[in-house]
Amino acid sequence: MKKLVMAVAGMAVLFAGAAQAQAPNFDDPAEFAKQKAQLTGAFNGPADSPWLQYAGDAMADTAKFKKDGPWTICFSNAGVNNPWRVVGYTDMTEEVKNHPEIGTFTHVDAEGSDDKQIADIDDLLAGGTCSALIVSPNSTAALTPAVEKACASGLPVIVFDRGVTTDCPVTFVHPVGGYGFGIQAGEHVIANTSAGANVLMLRILPGVDVLETRASGARNMFKEAGLNILGEEFTDGDNAKTKSIVEDYLQRGTIDAVWMDAGATAVAAVEAFEDAGVPVPVVTGEDQQDYLQKWKALGFKGIAPTYPTYQWRTAIIAAVNTLKGEAVPGPEWVLPQPAITQDVLDQYINEKMPPLHYAMCGCEGMPGYPEAWGGTK
Amino acid sequence: MTEQTLSTPGSARRRLLQINPVYVLLVALLVAIVLLNPAFMEPQGYMNYLKRAAALAILSGGALYVIVAGGFDLSVGAMMTLTVIGSSMLASNDPNSTYWIIPLMLGIGALVGLINGLVVSYLRVPSLIATLGMMITLTGVAFVWSGGAPRGYLPDTFRFFGRFNITGVPLVNIFPVAIICLVVFGLILWWGMHRTNLGRMIHAIGDNQRAARLAGVPVERVRITAFIVSSMSAVVAGVILGGRAGVSVDIGSGYELQAITAAVLGGAQLLGGRGSVPAAMAGALALEAIFTLLNLLGLPQPVRQVVQGLILIGAVALAMYRRKRTGR
Amino acid sequence: MSDTPVIEMRNISKSFPGVRALHDVSFSCARGEVHALVGENGAGKSTLIKILSGVYNPDSGTVLIDGKEQHFRHPQESLLAGISVIYQEFSLLPERTVAQNLFLGREPVRGGVIDGRAMEDETRRVLGLFGARHHIEPDTTVADLDVASQQLVEIAKAISLSSKVIVMDEPTAALNESECEVLFSLIDQLRAGGTTIIYITHRMREVTRLANRVTVIKDGEVAARFDHVPDPETIVRTMVGRDIADYYPPPGTPQERGNVVLGVRGGGNAFLRNIDFELRAGEITGFAGLQGAGRSALAMALFGAVPFTSGTVTLDGKGVRFTHPRDAIRAGIGVLPGDRKAEGLLLMQSVRDNGMVTARSFASFLASHRTNAHTDLAGMDKLFDRMEVRAPSYEQEMRVLSGGNQQKAIVARWLALKPKVLIFIEPTRGIDVNAKAGIYHLMRDLARSGAAVMMISSDLPEILGAADRIVVMREGRIAGEFPRGATEADIMLSATGEKHLAGEAA
Amino acid sequence: MTDTTLPAPRRSGFRFDRYASGFLLLASIVLYVGLVVVSGQTKYLSVDNLVSILGRSITLGITAIGQTFAILVASIDLSVASLISASAVVTSVVMNGEPSMMLPAILAVLALGAVVGLINGLVISKLEVNPLIATLGMSLIIQGVLSAFYNNFAGKVPVEFQIFAYGSVGIVPYSLIFMFVLAGLAWFVLRFTRFGSDIYSVGGNKDAARNAGIKTSGVIIGAHVVCSLCAAIAGLYLASRLRSGAPWIGAEGVYDLESIAVVVIGGTILAGGRGGIWGTMAGVIIFSLIDSIFNVIGMDAFVKQVVRGIIIVAAVAFYAVRSKRPVS
């Protein structure tokens, strides 16, 4: 028994020590500044098609990938396990229809598992039919070897959403980034409250890069502005839990603003105020229809930063251009990342769309709209 | 062992010892919450707590039927998800749709329970695996139906049961509809388990299936009914949770294990033969109280998990110890 | 015999919550003797054995093996000390082979690996002791053996351990006469070789045949020790504490005998062939035969659990066909299963619930559990009172009752439905002498009230004593029928079809 | 033993249940080849692809080997997923890119596995806590402790250690060879050692095993230590494959429920005492094949869920419907 206690104690020390040593860095001032600049900076490309726009001038040469159609474009997807990915994936399949050169579009779904996604990519490579490979990695570090292996096989590889730690892909398509999201929401909260105001930070879950950077960006801004952070709570994206957390905080005192790193639970948080009979304070959310509509109906001070789903279109476009041998922005294709503010709110509200539809889909002009996204005309 | 036992007639002290510890645990937790947060004594405080526990409590009461019958039902969480997503798909923002959607969902629940029961009874698949398969299948069905994201709102008439508070009630001022549901379904489940032939027969098949069959108990029908009750209470829990929280894609995930945990905290015997609906519901309330308390203490999520794990093991170990001490 | 006893248990006491199982019990065995340990069920024999084998620890008292004090905390320690026990409940693993079972927990290991060949050889040697008639292959899976062979494997397991002391707890329960004889001569051999046998049984015949000494346990204390084997009446009197007057109830009178209730013509299935017989109201019909002769298969066929596939069954003159126990119960047939614990009792439920279960099974699901068309809680309590079911309270869990009271409680289950035919399978197995008499009287009362009673038993004396008419089965067929007053020899002759065995049994 | 349990009519020499997992495996191979041929994707019929299919489920395979031990002894382990996460994190944190730390890391992980298995076993055998509850509690505790210290990929596995997952002899990865060697070792232990024999005995009938002098607690603890060690090794492998460890990778692979499912599909019964390693391996390969089939025919991600749930139940029903065991 004594040995056991010793072993456990040893293990705990090991854990603690190591944790100290290598907390991952989500607080990078240089990256923060870069994204802050990009938010307001100029983008190349047509302004009415943000999914074609890109920051900077760097282009990737794709001449060696030029190939005659019809192509088989393969897509290894981390999963379609949340509405954001569902909307994005619909964007993607609709975009495929715009390109007759794509003979086959093969989609394999890793169901949210790194292990499975690595195996899926292996399968796709072993099948040997892909002309190009698009990867939406489940996590950055874990998928890097698989992506490297795909590059090594000579395939053009396009990565989007979460990145990989290698620059072998043709390009990495992504919007401005997590700091940007945090900045937009943080600035809104600071502008609408005064120093000493109580801010509740609601998080989905710890550890995901894009969510961590959103939080760290906003946290620094709040501290600087002298706001009082009541707490940082993880909701697991669970509405019921979100509601409980807000109810509990409300019982203990006033809340002047609710900041969140992703909008899935925004409506639940708003409802907690409604149900308690307390005026809804400043709330940040995301571009989901239910939140936008609630915001309009109740008229609280809201904002919806976005992580646009139109990047899923861009991935297909990048693959197509690559196979045509046309240059594509690379090694990074940074897309604009607009926030929906009170001024433009009405443009994005569409009651015919499903409640969990993401308004910043860049899909309104596509032939399948709105039915393919579950909406009605 | 068939040694002759002549236990002494219950003295007051002995009877005190026989009180289900879950009630003691629940009271202790509530006292701790009140000490930490006197606002809990306000109607708003305890009503909110009961309101949020309602879905799990009803679910646990239903899950108990399968546990006492000697099985497991892992499909209840997925059934809740299906209820919420299916309802939002069907409602298409029509407030009047609630009146046919809820009965329809109860019907689907009954069907799912029936299939679980048939698979376990006639295909002889262990319930753990049968309902695990059902859990995966139902989640898939919910996704296929909605295409991955629900395409409608739950109308307010639907959300009434989980969200609405009756205001202006004397003494307490607000009274959530969810608590009325909790009481009504709690009574129904209690009555079914402890005041009917069905309940006694569920105990019988969980205790000794073969003996029950030879004594004439329609084992298959009883077991199937238990699964149906479990699935239908999952629908009710889904309606209340969906009402409280609104639409989301994985609203019910994890509830299956919480329901089993609650029933076990309430002293139900896994593998059947023993269990009480009020105690299982008290187990659910205790579980929710633990979460609330840990929240009040400001403990981070990981610590909550650890505490939950320790309490779970501790409660069962204690129950086993008591059972051994008070004679087998 | 040497002076130091092989086993000496001094002043052993042991209590369980609410029960005093043993009080100041002393017990000793010499080398090379067969020591019969007798007593009613619940008298404390099993507890004593479990203390000897290390399953339980005594509260006080000492255990000496070869004069040395021992404190066994686990069965393994007593095994190492040379004591092996053949428990009443089978302790074989059905999915494993005979050899694997024989070496359960003590497989020979060579170079870290189990020596399969050595196991097989030793298994063959030990099984060889049973003679060629009972041939069992070492690599047969136990589940594929019949019950008697399984019992033989169980015994072989103890023998192969070459223990100093072998405890046998009712080893003949599943054996037929000829198999019993094999066992008895084995015991003789073992005794001659210096092994001590502690032999627990309810059958006085076996005590007379085998024992050197007898210890009688009653109510957790030693009631008597005999250094010679007294006549069975003396033993029974000591066990019970009084003379048993009218142990068996008087037989049925011709006036009581009623019409044919149940008739079978040409009945057959996988276990039964060409069954013809009748059961009459007011009559106890005994069914005798060896293990595996098809008696319980017949009961299960009548009950619809393993239905007939050919032939006709008539109930009150009308043709019936039962494919499920519920069909049979609805028509008025009830069964008291032979293995109470596995097939009869709901151990965690209350005595009341055990009594009510059948009546409830035929009422509406959602109706109150307190009352139904057949009976209600008060009626059930009255029935228990009338049958003298002894329980601290009828709300007590079934598991705290003694075997006899448990049996009565589940008889009550059927009485509430007033069945036309009630089938008792091994009605008194594992029940003490006093309670046995109660069960016989119960059966007679049932018959008097107009039911047809079918009594299946392996205990020949009890069939001879309690039944009005005896049907003998052999190899799935009806082998003969005898009126009351038939002798054991008549029955055995019919049951075995072997003349010489019948002579021995007489 | 009862008179009423009728002896089964003599079984023929061929015991179906012994080869059932083989049949299932054969059926899925035939299905796979058929579908590949029909859909004209014969490129998939290559040795490369065979290796890739076999290599799909190495984490699951290693975990399932351990789970087989737990289930054979009539227990179950729900803590493997959390333990895999913990082991992967410990691996990558201790190694932290240093090849010299490989051995200490491996030892630390194995020690962690042994301790977790020991505690699981002790709680189950000594405190008599139902294994489902005990290991569920343990899972919560491990996950909680882990997430308290880490919330992302932590540390780094040196290139030398990545050979475990990415190195190969010709086209056959080391890890695949390792899995089959481990399976062979497990088979040897179960078939030819005292410990293996005791596992079957305790799983088959605990009381009988105890009466025969087997230290049942020791055997249960041993089985759980093996189970946890395998999960720890799976964690090592996963860290090597993902180049780092994160606290969610075990849960995200659903290795707890999936490992139970493949063991059961491989013909090991949940009640314990019957089954074996090769059945489990067949179950693992069947799972890989199903995944590959889904990818080949490009099945919709959501429909896939539905089909997978049905397959699990159907496969288990395939055995169970023939068995005469009581259902639960």
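By written order: A, B, C and D. Residues from 1 in each chain.
Please note the rule applied: contacts are C-beta pairs under 8 Å (C-beta built on N, C-alpha and C of every residue); 3 or more make two chains touch, one makes a residue touch a chain.
What you see is a predicted model; the values in this text were computed from it and never measured.
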Worksheet, complete the sentence: Comparing B-C with A-B, the one with more C-beta contacts is B-C
Worksheet, complete the sentence: Greatest Cα-centre separation from subunit B belongs to chain C
Fill in: Centroid distance [mean C-alpha coordinates] between subunit C and subunit B, Å
43
Worksheet item: Distance-wise, how many Å sit between the C-alpha centres of subunit A and subunit B, to the nearest whole number?
Response: 35
Discussion item. Nearest whole angstrom, what separates the Cα centre of subunit A from the Cα centre of subunit C?
Written reply: 71
Discussion item. Report the inter-centroid distance (CA atoms only) between subunit B and subunit D in whole Å.
Written reply: 30
Worksheet item: Residues of subunit A touching 2+ other chains?
Response: 80
Fill in: Junction residues of subunit C - those touching two or more other chains
337, 342-343
Response to the item:
Touching two or more other chains in subunit D are residues 145, 147, 301-302, 304
Item to complete: Could you list each pair of chains that touch one another?
Response: A-B, A-D, B-C, B-D, C-D
Worksheet item: If you look only at subunit B, which of its residues touch subunit C in the complex?
Response: 1-9, 192, 195-201, 203-204, 207-208, 210-218, 222, 225, 269, 273-274, 325-328
Practice prompt. Name, in rising order, each residue of subunit D that touches subunit C in their complex.
Written response: 1-11, 192-194, 197-198, 200-201, 204-205, 207-215, 273-274
Discussion item. Residue numbers of subunit A touching subunit D in their complex, please.
Written reply: 4, 7-8, 11-12, 14-16, 18-19, 21-22, 24, 77, 79-80, 106-109, 111-116, 118-120, 122-124, 126-129, 138-142, 144-145, 206-209, 212
Worksheet item: In their shared complex, at which residues does subunit A touch subunit B?
Response: 80-83, 85-87, 89, 231, 234, 237-240, 242-245, 247-248, 251-252, 264-265, 267-268, 271, 275-276, 290, 354-357, 374-375
Practice prompt. Show which residues of subunit D lie in contact with subunit A when the two form their complex.
Written response: 41, 43-44, 46, 48-49, 52-53, 55-57, 59, 90, 93-94, 96, 108, 111-112, 115, 118-119, 145, 147, 149-155, 162, 166, 238, 241-244, 246-249, 252-254, 291-292, 295-296, 298, 301-302, 304
